[in-house]
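Please read the structure below before turning to the comments.
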């Protein structure tokens, strides 16, 4: 099993997620009340993910097959939470119309449902992929060209502005890793075992970036802003 | 089991409820004392529901039948708690006669007892449904046309007023999902397995809305009002 | 087991007691120091009862017989705690002679010992019942006509006064449910299974009222008085 | 087992001890720093005793024999802790020479070693009893006629003075129950089963008084004094 | 097993260590920040020791042989921690050269390695004993005649000074019990079972003194000094 | 197993890591907010390491072979955390370009990947060793001659400056122990069992220094600086 890199990566990330959860919850007590919610949410994202990673690792080690159900359950809870983070940051800058939030949610849902029907075999993998891509494209449209993009006014403190930008790029670059994983997992035509390994390794790496690094960005703004206020 | 959407939804919601519980209890420490109780109650609702969802999932996965008993026990505890939330919000606006609270309780009891005698087979499903509907109709009457409706005076802070309105619509629209679930579960005449699946999926979705979203609305008022006071 | 209403009620109440315990302990941090003790005691009452309800449910589900021993152990700890609550409220009003407390305790002991010797079969059910009734009558005498009754002077804050009155009626009306339970359990001559069911259902309902509702009354005074003081 | 009063009393007291521990540790946060130590110690006494009562009950239920070893281990830890409580109260009144503390400790050790060699059969029960009595007598001498007795000067606050007096009487009257237990357990010549039952029932009742009631007295002074200081 | 005094003493001390750990961690919140570290360390000493005592008792009860490995692992962690305590107290008095700390550590290591090679049979028991004694002698030299001894200037508060002195005597008298244990365990030539019993009883008694009593001395200074500062 | 020094060292270090974790998290509450993060990270390092040491010990005791996978997973999480510590200290001195951090990370990755491919047998042990050494050399270059080295301006408080220096030497001297371990484990040509023992003992000792001692240095600066500010 020293060769089972997928299994190792599940374990590695479980541990990192547990540590991140502890980190976010502990650090919560040193930021100002307003930012506490953001850290609570970051900690919940990693907590929920940690639980699912333990289950996913068990499935992988016991059966060698991709734990699709657990992964999508995890995403269904954590992606909306990330969207909420986004929204909380936006709200720290300006009054944000509720519609922005719901449009982001719909984009998310289309993206994840697309992915799931493909991975679970309800739809051919290519059409499902395209549905998922449309959902994601819609989110990108919303935050780069839609209403949400206009909000990031210059009135916001510098650290918040830059956090918003970084998060925008995470949703672009960081999230792009997931469809790449899907691609190597289902669309290359290579043998199932290799595909499964590629799929999970890539998804796992993407999760580190999009769950832990995302949380750390939030934490960084939270601490900077809280100290500024004193 | 990637096809067992009901089982998946039980799991998904258990996780979301656990996360919500952590969220409400953690956020409790940043609102003013008066609102702490509301968050305590929101957290208790999701905590109790989380426990019952774990049990319900076990029943479902092991036997494939509807876990009626656990669901009604859950409702019997959480619906009164939601009524208490309602009452706490109302009391934040004006002195509310105790009678309002008790009338809401009676409506709840009639509604749930109606549902249970139908689902557990003590009464034919149609008459039981009607009893339940009467209980619910009474609650709606009370909050839209009865004494409770008159309380929501304009003197209340804006965010409280709008919370009251949202909650009123949750009890109307959000709760309406439950009888729809009952309808698809018992009154369409389709085969038992499909009915059971429909019933549980619909009830579960309704619970997400009425437990978690309801709690988030409370949390939102609590935070807004607490910050306003500083 | 959807028909085993006694078993269901044990489960239902266990859950409600757990939730109440969490509630009392969480709310404890928002009342003034003086009232913290009252909430501690309320929380202990429900905590101890929760533990015993889990055991009682196990006994009931496994054997179908009445868990007399656990119930009386529970009462032997929780009734004195309720008496202490009573005494704490009284002391918040006026200097209360210690004798009041001890007389209430003796009444309690006579009442519970009477009940136990009857239910466990050491004495015929009727004479035991009468002994228990005498104990209870003595408590009622003490709080309505004895020394304790005279203490509730008009000098006390309004909410405390009304709490005292409510508690007085709980000891009268709320506690009256227990002998009714005993009556249906042992003195009607109907068949053992039905009697056992009636007995436990009635006792359980009484416990909800006398443990949880009692605690909520205390909590209500505690919160009202704490806020008044600010 | 509804007839196994000894077993019932072990269970009953375990529960009461757990509740007391929770009580003392929770209440600790509302007294002034100086009195926190006293409540810590009271809580430790009941915590340690709770653990040992669970073990003692297991021994009793499984074998029907007296759990002598666990009981004396418990006493060996808790009696010195009670002595420390005593000393802490004394020190709250006046500078107490360290020798007082050590003399009380020696008396305790003689008393408990005497009891153990008798109960475990290393010495005939009568001589062992007398050794134990001498140890206890020495403690009584120390606190009624020796150096400790002179300390309780009138300069101390009233509640502390009266606490000191109550504790003195607990050591006299409350502790007197233990040798009575020993007497009924070993010196009456009745049959072993009855003796064992009598012994354990009496010891258990004595523990309620000397552990829980003792702690409540401390708690009462702590609360009274802490409030006085504000 | 009422005759297995060694086993009893393991149990007794485990309990006392658990209680001490709770005590030090609870009391930590009432001393000034500076002294918190000292209490943290005291609590860690007893916590680690408690864990090892549970393991040691298991070994003893199961095999009747001396749990040498666990004991020395325990010492290897706790003795340096005690040295750190010492150093913290010294630093509270004056700027202490780091060299003092390292020399104490080397002495400790020589002492414990000497003891272990003797007890585990790598070296004859006498030469090993002498190596251990040399290590200890070196520590005594350092604190009575070496650099550390000169530090205890008169500028320190009285309670700190006297604590330093007491700790010095604990290292002399308290630690002297260990070589005595070693002597009775290996150097008297009596039969193995008796030697093992003697060894463990003596080591256990020594641990009570050097772990719990040592911690209480620290706690006493911490509380006294913290109150003085107010 | 008193001769299994490797197993003993795993146990010993697990315990020490648990104690350190408790220490860092407890002490966290007495430093100023800014330094809390550093202690959180130190505590996470020892927490994660503690978990992995328990697993490693199990592998070692059960199979007698080197737990390479767990060790490298541990390093992959904890070394970046140490780098973060480094970076946090640097940031406390001056504005540090993000590039420094990423270059340190890359060096770390090269070093660890080099080591793993060698130990897990993907590459011959010598070339893998050289790759690892290059990664480490790069880190040393960065902190002694690169951008990071220039940051340690004289403007920083003395304790921070000296901490930076100490950490620099830990990365040089402390980390040098690991390649020595690798050398004795794979490059001496001695028999497998001895090599494995040497490897693990050396790695374990190195971890004590680089995890616990490193954390204590951080803690020391944190406390000193926090007190200075008052």
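All chains are identified by letter, namely A, B, C, D, E and F, in their written order; residue positions are counted from 1 within each chain.
Simple rule for what comes next: a contact is a pair of C-beta atoms (placed from the backbone, for glycine too) under 8 Å apart; a residue touches a chain by one contact, two chains touch by 3 or more.
This is a predicted model, so every value here is computed, not measured.
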For the copies subunit B and subunit C, the interface residues, called same if over half of the numbers are used by both and different if under half, are different
Expressed as a multiple of 5 degrees between 0 and 180, the CA superposition of subunit E onto subunit F rotates by 60
Taking each chain's mean CA coordinate, subunit B and subunit E are separated, in whole Å, by 58
Subunit A to subunit E, mean C-alpha position gap in Å, rounds to 51
Distance in whole angstrom between the CA centres of subunit D and subunit E is 29
Touching two or more other chains in subunit C are residues none
Each chain touches its two neighbours in the ring; listed from subunit E on toward subunit F, they are E, F, A, B, C, D
Note: in the complex, subunit B contacts subunit A through residues 1-3, 8, 11-12, 15-16, 18-19, 22-23, 26-27, 29-30, 223, 227
Within their complex, subunit A touches subunit B through residues 25, 28, 33-34, 36-37, 40-41, 44, 47-48, 51-52, 68-69, 73, 76-77, 81, 120
